[in-house]
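We call the chains A, B, C, D, E and F, going by the order they appear; numbering starts again at 1 in every chain.
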Amino acid sequence: MNSVRMDNISWLEYEQRVKAGSVVFLPCGATEQHGPHLPLGTDALLASAICEDAAREVGGVVAPAISYGYKSQPRSGGGQHFCGTTSVDGATLSGMIRDAVREFHRHGVRRLVIVVGHFENQWFVTEGIELAMRDIGDNSGMEVMRVEHWEFCRKETLDAIFPDGFPGIALEHAAVIETSMMLHYHPQLVSLESIPEHGPAKFPTYDMYPARTAWVPSSGVLSSAKDSSSEKGRLLVTDVVDGIATAVRQEFGLPGHVHVTSLQPQVVD
Amino acid sequence: MNSVRMDNISWLEYEQRVKAGSVVFLPCGATEQHGPHLPLGTDALLASAICEDAAREVGGVVAPAISYGYKSQPRSGGGQHFCGTTSVDGATLSGMIRDAVREFHRHGVRRLVIVVGHFENQWFVTEGIELAMRDIGDNSGMEVMRVEHWEFCRKETLDAIFPDGFPGIALEHAAVIETSMMLHYHPQLVSLESIPEHGPAKFPTYDMYPARTAWVPSSGVLSSAKDSSSEKGRLLVTDVVDGIATAVRQEFGLPGHVHVTSLQPQVVD
Amino acid sequence: MNSVRMDNISWLEYEQRVKAGSVVFLPCGATEQHGPHLPLGTDALLASAICEDAAREVGGVVAPAISYGYKSQPRSGGGQHFCGTTSVDGATLSGMIRDAVREFHRHGVRRLVIVVGHFENQWFVTEGIELAMRDIGDNSGMEVMRVEHWEFCRKETLDAIFPDGFPGIALEHAAVIETSMMLHYHPQLVSLESIPEHGPAKFPTYDMYPARTAWVPSSGVLSSAKDSSSEKGRLLVTDVVDGIATAVRQEFGLPGHVHVTSLQPQVVD
Amino acid sequence: MNSVRMDNISWLEYEQRVKAGSVVFLPCGATEQHGPHLPLGTDALLASAICEDAAREVGGVVAPAISYGYKSQPRSGGGQHFCGTTSVDGATLSGMIRDAVREFHRHGVRRLVIVVGHFENQWFVTEGIELAMRDIGDNSGMEVMRVEHWEFCRKETLDAIFPDGFPGIALEHAAVIETSMMLHYHPQLVSLESIPEHGPAKFPTYDMYPARTAWVPSSGVLSSAKDSSSEKGRLLVTDVVDGIATAVRQEFGLPGHVHVTSLQPQVVD
Amino acid sequence: MNSVRMDNISWLEYEQRVKAGSVVFLPCGATEQHGPHLPLGTDALLASAICEDAAREVGGVVAPAISYGYKSQPRSGGGQHFCGTTSVDGATLSGMIRDAVREFHRHGVRRLVIVVGHFENQWFVTEGIELAMRDIGDNSGMEVMRVEHWEFCRKETLDAIFPDGFPGIALEHAAVIETSMMLHYHPQLVSLESIPEHGPAKFPTYDMYPARTAWVPSSGVLSSAKDSSSEKGRLLVTDVVDGIATAVRQEFGLPGHVHVTSLQPQVVD
Amino acid sequence: MNSVRMDNISWLEYEQRVKAGSVVFLPCGATEQHGPHLPLGTDALLASAICEDAAREVGGVVAPAISYGYKSQPRSGGGQHFCGTTSVDGATLSGMIRDAVREFHRHGVRRLVIVVGHFENQWFVTEGIELAMRDIGDNSGMEVMRVEHWEFCRKETLDAIFPDGFPGIALEHAAVIETSMMLHYHPQLVSLESIPEHGPAKFPTYDMYPARTAWVPSSGVLSSAKDSSSEKGRLLVTDVVDGIATAVRQEFGLPGHVHVTSLQPQVVD
């Protein structure tokens, strides 16, 4: 039994934690091709594992993952033409998030963190939160934090991991960051010998519809995962979990956070 | 690694199975109070476990569960006033199913089984399938089976398990069937000592809105789970998994099914 | 002039009754094949007639019927492949109910009874009520009762009418209950000589999409209506009307109801 | 039994007529205040009665009326502040019509006439038809006629009935045309002695939201119904029924229509 | 710089005006064929120009036009079969208006005028306003006026401009009124030599779907624009701008309006 | 008359160009605060001007701008708490785009470019295109390009304009790029003396709901616009217009494009 998971505990246990002010984490992933070496569930698996680690740090609870995400785009996830990629309409995802936020509010939750693990989800998750907050009304006390977990990878870590320069998060699909994190959390689901050899995808600065599938490597991998390692995964995950825990403590005023006088949020460098 | 789970395999492995004609199973659960002794994730956990067992029997693949279901009703799930019950609007659930069915069709899947593990889901899952089939169009060859897993419990088994008579599936919320199945699949998530003592709930034949919460036992359990056992769970699960596998073989014409001349579907007794 | 019908009275007369606390009844039927012997409007006609009888007992008003229901399913209504069955999407029916409930609330109505006369409507009517109640807000004083009328048939009556055992309500489509009730209320619309001879339909415990039309008798009748009679109709209707009236008096605290101390709702046997 | 009504006949009888090419009529009314002298159901009652008369002339079938219409506006129906007026959102009405048109098409119907009996319905009915036709696709052969029944009142008749000049159809709410038609079709539902004495409402050329209820006579009647009579009703109804029957014969090429060489539709004078 | 246009001023300037009680005008046009002599943007261009003139008179601000309107109908705009006509679904237009009204309310605007410049928009704009007002809630103080600008053309002006009688506003599509107004506001966009020679369109009193395109002149012009002139445009525009300004002053109680004791709104003649 | 604008030309002229294969450009902007020195219409004004320049280069036509965009977010547009920012729901924007794409397809347009001028629009525009393409169906020949115009600013230009390093596009809201472009296209709408003095905003890597308005400079400007100039605007606009024209020629195979053998799209550096 994993007592940090909401689906593993009874409603009475959950209610007790909510009354004690626990933060609820909602992982929001996808079912999407991640190359020949990573499983289709990578985005939800990573978002869930990161949520669990962060929840342990701040005494939180992790709700069941949303396992189907917004439509994969060629420049960030390879696109919808891959077999196995199973995506939902924008309105479906926004509705899912809206309903969940409303329900957590009804439970008495006032500190909710939605951890996005699939690049294409961000804006439809945002809309879902916006719709819920409008329904809930002002002065409800409900606060929601939305994070894309990779945004907490520190510059120092990225510099160390990418000595030739970080290619940018969009091209990181099924590449070093995700593969290393999976090697850290779920090594048995990674097939290192299946990592394709080809170089990074090159994309123009725009999108075409129908998707120009010729732009996308047939493997579904957007840049090399060759240099992935469990150790790199550990470094990256540590950044992300620490970053989320720090943000949570600061924004929700939890104990363990030294509240500084002047506003000094974790800034984008 | 659990190779029957879609989220554990790569898109290439999945594609290979789809091309070979594998049946895809989609578990459709809920996050809902299940009394003091069962976890909030019971419906999705059971639907997933049953799907995995059935998939193993017929060479199928199990897609990630839909973990949030339609609103709990007092007479079948205790109602929406319980903390922890986290439900979605009907249109959200139908949209989720519609999108998923459309995507499986795009993958080339032609044999899809949706296993409903939450009583209140049935009609919104039905609508989701209907909407998808309309979009997909006639002559697509796509076939979807929708099952409520408990419907495969055989009369003989129920008679054995309920010597005083089966109270009906609606009252079985968090009771003997679900508790026994959980003892079979996830014993570490069942807290036998927390099973409440009270007798079965008594409901009128209609519903009131707002819900009359006084009708519902404050434990959330609708009838006694005292007589649950892992052995009963094994019997029930065997019925259900065999029933689904038999239905799948028959309806999809899979090998292993002795196709009889006259129509003799598994009938309602 | 039928002064119990809302569409037959002026808004001033209606307003007066609403101010006096009258219960409003909303019949919710369908346009659906009911075999060769019953008319397409059976579900709306029965729901309306029952509402009128119940309204007369408790001093209520009957709103115009919703005449188009949710999609017919093979195991309960024969399915959508029949000519004449005219159904709406789930969202349309839920929207219709949501809008109506909101409007009755605006009128000042606080006691609304929705009488479902079509099996497939139940959950979309439920969602419509849920959506309206959310919009109306807590503390509005609005109370809605949702009933499926056949649920009030007493065990004694069913035992008398079905000496060989009651086949269950789903199979009762266009069978003894509906035919007898129609013989009671609208005998001129029943063609006894057209009742088909075949035995009851046999269905598996699951549904297939597209519908397996071979499962459904080509008549559209799911079990024999041969033993129907006007007298049986009278007995059944009496159960139903009395049951609704009793429930209404109890739940809405109307005069004529002896309010007992301990909760003793009309229970499911 | 009224064999022109779809809800009074069996699906087999209906199917036979559809196969024979019968025109289907769908009345689209409202539940709306119509002054102290007319019932709330006036719009649906009139649309239904007119449909039945027209169907008898051209061998058609009348589907059950849609009894709830779009929101009443002050300048044409008095507005939404009246008790008893029970209206739906635009999307609900359009969805209802879309679903119904789709279903009639599935039945094999290729000639559908939607008779609008409530001024405010027109554009949402139009959108419902447009949405259905898009779904049905080109080359389906399905043809839909949408009529507002009052548009068929001939200039000669209006001149005779309104010797002081016709005030325009919007102001005719609950006035001479509707009252006379009701005296023709449903005299027992008209309370002549309740017709209010006041003169016609005076409205500006624009609308205000929230509605300026002071603009609307508190009776709900927009211009005098004092000069109504059953005989006027007969004249008006004759115009309308003949007009619809003529239009139907011409547009759908039915027998009884002398097809002229040059296009000469019934024009607006 | 045109300081009456919201899109030309900064948010600080806009905020200042809103705080001072300025009226906001929202033009709601279309992109629709207007014959060979008028541009596709006619409806939005006219609505915007009229809004600017009216705003100057009452110290208002003009929001950016909504440039895409509801589907063109044969009898009022020629229909959807013309190339260039670019229309939206009813729900899209209503959603657009709903969202805009909600946002102006959030800004602190309490006096909003929506000027409809496309006949087919009226009811979907109405629904958009109704939806927003429901969301905003009672007692918000928000007031919205919806005008179709041509409704302010005075009878005297129409009599002068149409000595042979006014054919009615629907047939005025791309005809004398619109052409003259465009000659007044945007003469460089009018191609007088391209005005077609044919007489007025003749339509029946109903609509057919799919549209009977043979009913519509292939030019897209519904009645002659030959007698258009810039001077007529000036007269018409003066009526409309004065009418709107007068209505705004009266309804919103602005200075410059002589408030008369008895209600005497500008009435429909 | 500006003959590159669709709203300035007649439908016959437009039809001729569409038949000749003209590319249609659809600018998609917003009404959003842009600091004290830029107008609320900046995003739509820039997107429109860029579309017109690009259309002139490739012989295209510019459709009327969509002037209302998705909700402003603190880290990219300051957020929804500013007066004047007038945004729509995600579904409204997606619906607007979906409808427009469908209509252009009906016109016979096969080459459509949507130019996004508001950061927050990107994903809802994407969904609108995806929805339209699904409706239009495969093999329609319709191709849509979606560009965010700033993505075409070349590295060399950004290096020259930002000698201290480019702060990233999100922080560029109402800053040097937009201000310089506006100085190039609409100098009379820029108030240089109103540019605020404060340094760049500092944001964490996540978002909070309700928005932490204290994170956002009260001016609405996210980084300094002090160094803006018309000359910089010219350089930036030249990059963007050339970039779009080149992309259009390449992707749509227009004359003037030297088609190279190996795929060498304009890559992200």
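Assume a residue touches a chain if its C-beta (ideal position, glycine included) is under 8 Å from a C-beta of that chain, and two chains touch if they have at least 3 such contacts.
Quick caveat, the model's predicted, so the values are computed rather than measured.
So if I look at the partners of chain A and the partners of chain E, which chains show up in both lists?
F
Which chains lie in contact with each of chain C and chain D?
Correct list: empty, since no chain touches both.
Considering only mean CA positions as chain centres, point out the chain farthest from chain D.
A
State, to the nearest whole Å, the distance from the C-alpha centre of chain B to the C-alpha centre of chain E.
The separation of the two C-alpha centroids amounts to 55 Å.
In angstrom, rounded to a whole number, how far apart do the mean CA points of chain D and chain F lie?
48
Two or more other chains in contact with one residue: find those residues in chain A.
Answer for chain A, listing residues that touch two or more other chains: 89, 91.
Going by the touch rule set out above, what shape does the chain contact graph take here: line, ring, star, complete or other?
ring
Where on chain A is chain F touching in the complex?
Touching chain F from chain A are residues 70-71, 73, 89-91, 94, 120, 122-124, 126-127, 129-131, 133, 138, 143-148, 151-152, 168, 202-210, 212, 214-215, 243, 247, 251, 263, 265-268.
Considering only the defined contacts, which chain E positions touch chain F in the complex?
These residues of chain E touch chain F: 1, 5-12, 14-15, 18, 31, 33-41, 44-45, 63-68, 80, 82-89, 91-92, 95-96, 98-100, 103-104, 106-108, 188-189, 191, 194, 220.
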